[in-house]
């Protein structure tokens, strides 16, 4: 096994800059796309959660229905087909059929975001389902619109619950950017393929990228755990003292309008 | 006895505006069915400005459902609801506007789990009434102080005791300064002392002309606070009248049976 | 004594005309072990020849390109016949036979493209190009073009051709059989062969020769294979390749259509 | 574009049996592995949710801690590295180093299950987090052990909430079985690779597999939606009539033990 | 008045076993701190067989926390809890066994959301007490009938009214037939009639020797049901005694202030 470790060292010393560039590309694409994908997922989630009640006017109701069908198709289409094929169709297909020249980076961000968005939409749907309906009722009773309810009440709670899932998606993306090699993006896995394809040192090169992948994904896991902890906040509250009260609530300064009138 | 001194029945406001009071809320022939279970049967109700109406009735008689229907949190199966003379529109925008003018305290509080007490009160003021943070916090502080919740403004709901949650929920509804308040058992988790304080708040609100509809099990609270008591039985209004009338000499046998359960009737009868 | 012994040979079965998958054993194709369909192509012809001469029972294993080397290294298959070129670095990991084909390198362009009239690699300067991953074409040839924008390598021949067809690149570099296969599907493409012009890609013979790889140290098998291959010459190989090109499914597909 | 559709028809008529067998393999592996993966995920989730309180004895506490670390490493290792590399290491690496000859199907089920399990473990963790802690308290107060609480109270509720996520995982698996081509498993995508490599008809073949993938994933989506609906149960309850009562609760037959004694 | 006829103070049981009653639960110097907020301060309490002790105290005084600590749902910061003379072991197995012998009704009910009313009651009997389905259902039916919930056995918690949830929660705890029952405001969502019925159930249980610890805001309920009343103020026991003693002539000024809030004191004082 000694030559195995030796080979790893030689491979690394010859190609480390390639691996590092690949890792950088992987990281950039997966982070940015996961972020955009989350936004898409939340947006789609909000619309999907809109009740198609007969309360809204006929026209609005029909429009909403169509929008929902469109979004549902988007989710099913992008979730349902392999990203690598989508990449070929979007990048080369658009060029062939419509003469549309997408920049390969634009295409990369687009494809991964749109895919993540499709998965996130389902994740968000599940997350919304698991929030106590009483929360939504309370928000409605206070006069919030559906969008306000979602943005201020439901999604913040959903967000905290689906962080483990966002972690999953980010990690999936870190690995799935590999398929972007079809549109000429050099990601970490692609570097491994090139190196092992020319040197025939599959196991050595694979060990190197596994370590890099693990470093990336462990950092991501760790960061998200931190975020979870922060969102959970302090376990105990501080009793408000008169000082903070005077500052924040300013109870001295407020009087009911009706009292003022008197 | 305290009651006779402070009951809104006898306070100045009511006498002053008496007949010219405008109608705030009209519930007309409201019915609600869950599956094949008729929960509300043709309930009709009218609330005029500064009315304080208590809904009483046994567990499962439909009190909460009635309040929730008024707020359109449940879609009524039949019947109409008019607010200030206009039927409550079903389009989404004006529905939100209507709800903003109607305050509600839920039986199980429904505080926002991710926000502390202060932000629970502030959020709707900022998003719905578009107040700036400072004004909103001042107003929230004012009402939180009234229910004795100022020390707990930084606590999250899961860190509160039952009574504290209830008071926060009351403050949240009050802080919106709505035109009518729907209370679903607002004192169920409160100790007698706290009940007195909430009662004082409600009296003050009533004096200012606030209209209130309160579902409650505390008959003595109902007696203290209300101008009218409505007895709901199996989804229909069996009897209504002034507290004196209803508690002292109920007209229906069922009402009497229900009130017989009451441990402590009015002193005169003991 | 070797009679009936199995020879497991791995290939992608998706790289016409070297190897491909077809729906029947028409023309002498062999069933794919543990998979669907039949494999045929130049590589299969060579494998059959070797097995026949050496008395093996041949089994074709269909594998993804990426795992051909791990498979032969771990002993899961005995040999890989898949158009691999023989490079010194590779010889450290596996043993190669003598070449079983001499693949000349050509450039593929679109006939209406800006580089259609190129006479040598100087004329390709400044173009955008790519080729297949892990090949001499990508690693050695493309860098010889001045000012070329070399996009990341493609992981298969079909996507490489799509890249050219869609206009994402101006030209690609590959070997003659692949290019000839491509012309069947993309009639708008054109092969540029600089072999005679003198301004060709500088490659060693070693570079362009493709061989059969076996597990490192399996001297017996290499020798056996070599004993058969050394009796053949370039003409034999070319004749076989010609036959493969004629038989490849895309040719018959054209005939059908 | 006419030849495009024609080519699709010819490709399909020539290779349809290949596509169908590929689809069958894809379906079998992804269904079985998602199922096993869910079991793994739930099991890991239960253990991860065990409180490491000082209540248990010192020894048990340490054992639990070690188990948790092992499971956490499992999750991070398998989530964190590409499945294709894992496949090569497990199938060829085991052979190379330990002389272990895994059957390729066993290896396939193993690899996909173990990967799904790692993702599901995180999903389940998120799902458990979003269940009201009051549910767990109530179960504990009734004397249920942690495992009983999880199995009877928490996981059934979690399960309903993470169905959208299980759908995501199943769909991911339907597509990710593609990497098993490195261990000679002929899945749908590998068929596409072979066909497009033999006919150089990438777009046509890709269109065919996209349609097949969509049929598979839409069916899966639809089945899971059905399951969600069934789990949600009837929106309204039936008032129990005296008949059903006498049958189910048998109140007539039960008397408090203490009363019986009298 | 009903009270004098039925109060457990006067019923046979208590007199019969009087002095020889065994101690069921001992709480010794229990403290609980959340962060820097001292919620319980050295609370000590002893419950003998068939004791019915009511915990009263203002909102946030620590009643729920005390009950939850007894059940070890909250880890006490200091102090010990002994059940039948033995300190409650902290190993997980015997903890579960202990909890199975201690029933608890939560302030917010905590019914299992995914199970209907019947299964809510049945599940712990089957899993913890290993009863077969039939026996468990019979027993559940018996207790559900006592609280008038038989018609609702097929309903899921979210389909129930507040009072119905509370009654289901009571039935669930009773059905386990524990040795001691901890009730956290068991009548907060109930109408007077239903309170009477629950009172009757508790009286019956007390007669059979059940030990109960009840946190409540309904002073009159406390008065009716309890053999002893404990007044909790800011986390410490300020005063305890028989209901007569505590309600009629409280010793501390704070107790008196708390009780002053009470709308209706015992008739004699009105």
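Things worth noting here:
We call the chains A, B, C, D and E, going by the order they appear; numbering starts again at 1 in every chain.
The definition used in the following text is that a residue touches a chain if its C-beta (ideal position, glycine included) is under 8 Å from a C-beta of that chain, and two chains touch if they have at least 3 such contacts.
This structure is a prediction, so every number in the text was calculated from the model and none was measured.
Under the touch definition stated at the top, chain A and chain E share these contacting partners: B, D. Touch-path distance (fewest steps) from chain B to chain C is 2. Distance from chain A peaks, on a Cα-centroid basis, for E. Relative to the C-alpha centre of chain D, the farthest chain centre belongs to B. One inter-chain figure worth recording: chain D and chain E are separated by 43 Å, centre to centre, where each centre is the mean of the chain's CA atoms.
Chain B and chain D have centres, each the mean of its CA atoms, that are 48 Å apart.
Our note on geometry: chain A versus chain D, Cα centroid distance of 21 Å, whole angstroms. Of all residues in chain E, those touching 2 or more other chains are 34, 108, 159, listed in ascending order. Residue positions of chain C touching 2 or more other chains, listed in rising order: 66-67, 70, 73, 159, 162. The set of chain A residues touching two or more other chains comprises 88, 93, 132, 160, 202-203, 236-239. Contact between chains, as defined at the top, is found for A-B, A-C, A-D, A-E, B-D, B-E, C-D, D-E.
Those residues of chain E that touch chain B in the complex are listed here as 1-2, 34, 56-60, 63-65, 107-108, 159, 161-164, 167, 184-185, 188-196, 217, 219-221, 224, 257-264, 267, 270. If you check the complex, the residues on chain B that touch chain A are 68, 71, 73, 75, 90-93, 95-104, 106, 108, 110-114, 116, 118, 123-124, 127-128, 134, 137-142, 144-145, 150-156, 159, 172, 176-177, 208-209. For chain D in complex with chain C, the touching residues are 6-7, 10, 14-15, 17-18, 21-22, 84, 88, 91-93, 95-96, 104, 181-184, 186, 190-191, 193-203.
Of all residues in chain D, only 53-57, 132, 134-135, 137-146, 148, 152-153, 156-157, 160, 233, 236-240, 244-245, 248-251, 253-259 touch chain E in the complex they form.
Contacts from chain B toward chain D in the complex involve residues 34-37, 158.
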